[in-house]
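Take this structure first; my questions come after.
In this document, chain identifiers A, B, C, D and E correspond to the written order of the chains, with residue numbering beginning at 1 in each.
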Amino acid sequence: MIDWYFSHIVLVQSTLTTLLLALSVQVPLRAGVFSFAGVGCYGIGGYIAAIGMVHYGLSTATAILLSAVVGGVVAYALGLLIQRLTGLYLAMATVAFTLIISVLVVNGGDLTGGAAGLFGALGMLDTGHLLAVAVVVVAALTFTEIGPLGRRVEAVREDPELASAMGINVARYRRATFAVSGVLGGLAGSMTVLLRSTVTPDDINFHLVVLALTIIIVGGSRSWLGALVGTVIFVWMPEVLAFVGEWEDVVYGVLVAAAAVYLPGGVTGAAVAGYRTYRRKRREAADAPPDGPPPQPVAAGVGGDS
Amino acid sequence: MASGTIEDVDGAADTAATESVLRADDVAVHFGGVKAVDGVSIELTPGRIFGVLGPNGSGKSTLLAALTRLVPLTRGSLEFEGRRYDTVRPHTIAARGVARTFQTVRILPGRTVFDNVALGAESAGSAGKAERGRARQRARTAIERTGLAGKERHRPDELSYGYQRRVEIARAIASEPTLLLLDEPTAGMNRQERDDITGLLGDLRGEGLTQLLIEHDVQMMVDACDHLFAMNFGELIADGEPEAVVRHPAVQEAYLGKQGRAHA
Amino acid sequence: MLDVSELHVSYGPVHAVRGVSLLAEAGRITLVLGANGAGKSTSLRAICGLQPAGGGSVRLDGAELLGKRPHRIVREGVSLVPEGRRIFAPLSVAENLRIGGYTAGRSRVAALADGVYDRFPILAQRRDMPAGLLSGGEQQMLAFGRALMAQPRVMLLDEPSMGLAPGMVDTVLDRVRAIADSGIGVLMVEQNVDAGLAVADTVSIVARGEVVRSGDAEELRQDASVVHALLGDAALAEEGTA
Amino acid sequence: AEGGIATQEGIPQEIKLLGVRDQTGPVAYAGIGGARGGKLAITEINRSGFLGDGVKLTIEEIDTAGSIETASAEMAQATADRTVHAIMGPTQGQQAATVAPMVERAQVPTIFTQAGSDGVVINDYTFRATAPMASYYHLATEYLAAKGLRDVSVLYNATYPTFAEIGEGAFPKQADRHGLNIVSSTPVQSTTQDFTTPVRSIAGENPEAVVMLLTEPQSVTALTQLRQAGYDGQVMGTSVQGGGNLTEAGRHGEGVIYPTDFSPALRSEKARDFVAAFRERFGQKPDVYAAEGYDGMWWLARAIKASGSASREGIKRGLQQVAKEGFDGVMGELTFEGNDMRVPGVLVRWNGRSEELVSDGGAS
Amino acid sequence: MAQHILNAVALGSVYLVFALGMALSWSTIGILNFAHGATFMFSAFTAHVVTQHAALPMPAVVLIAVAAGALIATLTQLLAFGPIMRRATDHRSAELRILIGGIGVAAIPLAIAERVTASAPFGFRGSTYQAQVFEVFGLRMTTTVLVIVVAGIGIGVGVWRWLATSRQGLALRAIGVDSETASLMGVDRSTLALGTMATSGALAGLAGALLTFQLGAISPASGDQLLIKAFAIVVLGGLGSMGGVIVGAFVLAGAETFVLAMNQGTWVDAVSFGLIFVVLLLRPQGLFGRKEVRRT
């Protein structure tokens, strides 16, 4: 067990940081905001942490905190700037934001280390710290998923106009998701960099956007659990698929495509749907007279309807 | 109330009423060249059901959108419980107690009937635990009253059209609003089903709820409303006692087919 | 000409239509009445191939339609004015009509559209506006006009009068009558019972997925209270099971 | 359990190594080449009984698939595996820099090939069997100066650390020293695909030589378009050209000269034997990556022999000891700066089908 | 200056040919195909493999790539997007899944090509085609550029007009809005969708062949780089507007060429994406896009 843990420590840790990254895209998406600003803030957070540590000797905690705050503030400001945008237009604008950041750091001279990036920003972080952060984040997010707040977030996503006719301040929700995604992105970026000690402009790329999106769609886009499931799948897939060797990417592609086709709500969505069917079946079984004939479809009709 | 085109069929009845819930003054909504609403002034007094009649495209729904701030006003002013609100954002006025239904069904597809109604119920109050309990109770009551009992756990797309409309109504009344705006709430229902809804609206009036109702069923409007407005081409063409309004020649001319004439 | 017999449709465990039989004959209007949730729309959708049927048959002049894909069925000459209008919101009014005439051959589209514009002048005024901006009633007119463009042999109408002002209800139903008189079979669901009865030839009343009564419209016109009672019963029954 | 515990001193019968590098993904060619070179070396080492009778080196390759995450995850597992004696590390600069602190923590000696950026050779356990490109790029500069090609334009990928370093640092400095005149310096990005605009400007300047510091596909395009833009002067490339991509440039690639750490055209006996053996085994000529993998593996074997121990500590000590002395490899006389390899380098010309020697820094 | 404009036009045409295919399926039937880049790359790769065995002239190479592209896209539609669309209740829920389906599909040809080439660049060395360089009015260009510009602008304008005026074009747009209702109009949605995807794939193949001729070689990763640019172009032009795609392609190419001509090569992406960002700030629906139609 201990051995297993130590040889998989990187996977365990990157599961936790990747979860935060995925959440930074999922949180806005859940409110109908198709924003990848979180990925840009992942880059910002990574660089701030590395710069803080390498150039200014900040402590690990300070570096992470600073990254989260700056990420949140930058994303919030971005949100203010582009609040008129929706859908894929918003997606494009935020992808542009992310890619611009990667160009900025290439051209950042000594501060950012240019094309080579920065090295030696090894933070004092262990799995326990990461776990604590993840738990706090997940607990906080749970509140936005269940009960009244959950319903409101869903209304903001599904029908903003309806939501505002229900007294919900849609613009404020949207701006808030920007800030949250910035904080999450900043956390994810800074912790990733402090774990691996290096950051380069290449770390902020379109593939990260794709990865985050794939994780939450395959895992399930409606709750943090979906993000977690997706993260576990994609972080551990190379490990699990190692046996197919060089065809790993082909298998990966087939699995992702199959998930898109067969799992409309992602893995968690499928699980929830399966559970519902199971419960309904049980209800029906319980409703049927114990010694009578099995319920005919005809009989089940109105019964199920009412 | 300034527009010269309004023919006040019996002006006296209204002015005697108490303080108004909502007052719209010379409201106009233009979309480019389309004058969807053009200088409408209305006043809604507490505890009554007001109806809006008018041909298709006469601006009824747009008027409702204007009253709920979902479209910008081209001109005019709005007042709710004595406070101007023609520049606030839609959620503000909704939060003050104006609930509405939409002409085309708008419900959250992924949520159950109960959740949809609860969304309305919760929009009224704070987030406290006791209040949450009350909100659930309000939602349950609204579901009962709209004939949705037993369908709480259904998803909207599993419901027939008529039942989807009821969800809209339930959601609106669950917020226990001060003013309820209904845009063709009974479209797709037959006479009996309409009567149920009308009965419900009457009960709500009994509880003091002010309502503004848009419907094309003249019989139902006459039965249900205390006061009718008739619109055509974005303007009010008549305003007053229901019976009087539907008999008004301009309304007959603009609006009523065989069905309405039979009634008059 | 369109002979629906013993149609069954289920949504998963919900058996919504249970052995419905309906007939649409050339030159005649068959009115389908029923309470909310009775299974009217489901039946029409199944006839058009939008919903897989669990059993029964739908024959057009003897040829089986069940199992065919919707666009095939439409090309056989069956067109539907769907519940809830379903106009193409971002397309202009004119484009909505053009797509309605997709099967009708290029050359006739313009003339057919002019016919619709004559009947509904407001649509002509809104010709180049995205259809989604129309008022509810205007959209209903467009949906109706769009179905006319297909020049069907059988027309299925799911509440064509919904959201229409009384005057316009007359226009539409008169038009339906005229269509039927030109030799087209019409199967029409209506909640506006009186207006529907006024133009119908035959009536079928559906409750809980079954036809509980069918007969001559004339008969029922004389005794409208029977209809109302049946509908009322159905509604009560619905609530009763709830 | 199979294999010994890698912390035990002495030389066991089986010495287990792991290669953790790209076998798929965008720079797979480097990892694949490195792995092949290493395999060939292992066969020779084992067959010759270099480490003693019956002592066998074994290696297993693990794919990092072009991803930093995978690289660090696989390295974590590799370093945690107590039967692993040493690791042949990732070829990509960033992957390598990320795992470098890790191998120190786990105290597993790791030899990198390629991985040209800073931050890779940073502690006692990190070793590199590839000389930084900048360390032998002077061969190019000297050649240009000797041929009197003084007006030079530089076209370089500024988002790629190795090239940025030469384009902005090493080359301008050397050019200055040798009296070359840099007419223009044009940075592009890794995402630049079409070079019409920059090469037009360069062709317009008509310098006597163009120094081209670009990735593989970029090189092909830039060369093709440079020629189409009417430039027919000398083009000076980098060892990236050794990967065979110039074949794709067809006649446009003919005559390009570049410094490299290894060329199949090298005339030393070691190199000739290596080329022949490699050909026999893999059916093609070895590239620079293979040569680095091969010399890297021999470095390791010599290290074990030198310290008399295949334990992790022993290998580390041995590698340092060998580095201090240097040795002869297929890349020529190898010297070291700390744990980092230096090569004499060689300048070659692409004749359209293969490399020809132009001059060598003593590698033959 | 004139030379720079010509270069921008050439680059814009390359982008255009690539983006057209993507925009076609996206703005009609609502399929944002993230495998478009991989289709592009793999078509070129297929042609590359064939030219290694047979010395073919340019038209034959192009034809092979076009056929390969059409085939890949058809398979993608049959195996991934088609089933997704059939299963989805509404288009919005299908949208993200289509995106992910495309990402999954894209991994497959990419992995194969990377495997075979070990990620080294590949081109049409075996083809008999040799680009000729010529000068008109002092401007230098190659026959390849000429072909690309003609093909790009010709096909672009053709597709644009066809979509705007033809019956099928209208049907395609209707499918994109509400495919169920479209089928009620007699539109054979699956066949039309398949045809659209095949055409889109053929355009990807065409782009693959032409761009490989233009660049000399591409690498397996080249498709991804173009994908994000094409995405940017379509959004910049405004979703649903083919004219917008044409303008968008040239605007982006113009911006990039300008930055390169100023010798600020490392700022290219920042400037081009910055430009898109600013355009969206000013026009949230892109240059020629329509605002979403929605009313109360």
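Here are some notes:
Following the convention adopted for this analysis, contacts are C-beta pairs under 8 Å (C-beta built on N, C-alpha and C of every residue); 3 or more make two chains touch, one makes a residue touch a chain.
Source: prediction; values computed, not measured.
When chain centres are defined as mean Cα coordinates, D lies farthest from chain C. The chain with its Cα centroid farthest from the Cα centroid of chain B is D.
Computed centre separation for the pair chain C/chain D is 74 angstrom, with centres defined by C-alpha atoms.
For this pair, chain B with chain E, the centres built from the Cα atoms lie 49 Å apart.
In terms of their C-alpha centroids, the spacing between chain A and chain B amounts to 41 Å.
Touching two or more other chains at once are residues 111, 114-115, 266, 269, 292, 294-296 of chain E. Chain B has residues 61-62, 68, 70, 102-103, 109, 150-151 in contact with two or more other chains. With touch defined as above, residues shared between interfaces to two or more other chains in chain D number as follows: 24, 158-159, 189.
Against chain D, in their complex, chain A makes its touches with residues 3, 6-11, 14, 18, 103, 106, 114-117, 119-120, 122, 196-198, 200-203, 235, 238-239, 242, 245-246, 248-249.
Only residues 23-24, 62-63, 65, 67-70, 72-73, 75-77, 80-81, 93-94, 97-98, 100-101, 117-119, 122, 158-161, 164-165, 189 of chain D touch chain A when the two sit together in their complex.
Across the complex, chain C is touched by residues 167, 170-171, 173-174, 177-178, 180-190, 240, 290, 292-295 of chain E. In the complex of the two chains, the chain A residues touching chain E come out as 81-82, 84-89, 92-93, 95-97, 99-100, 102-104, 106-107, 161, 206-207, 210, 213-214, 217-218, 221, 246-250, 252-261, 264. Interface of chain A with chain B (complex): residues 147-149, 151-152, 154-155, 158-159, 161-171, 222, 306.
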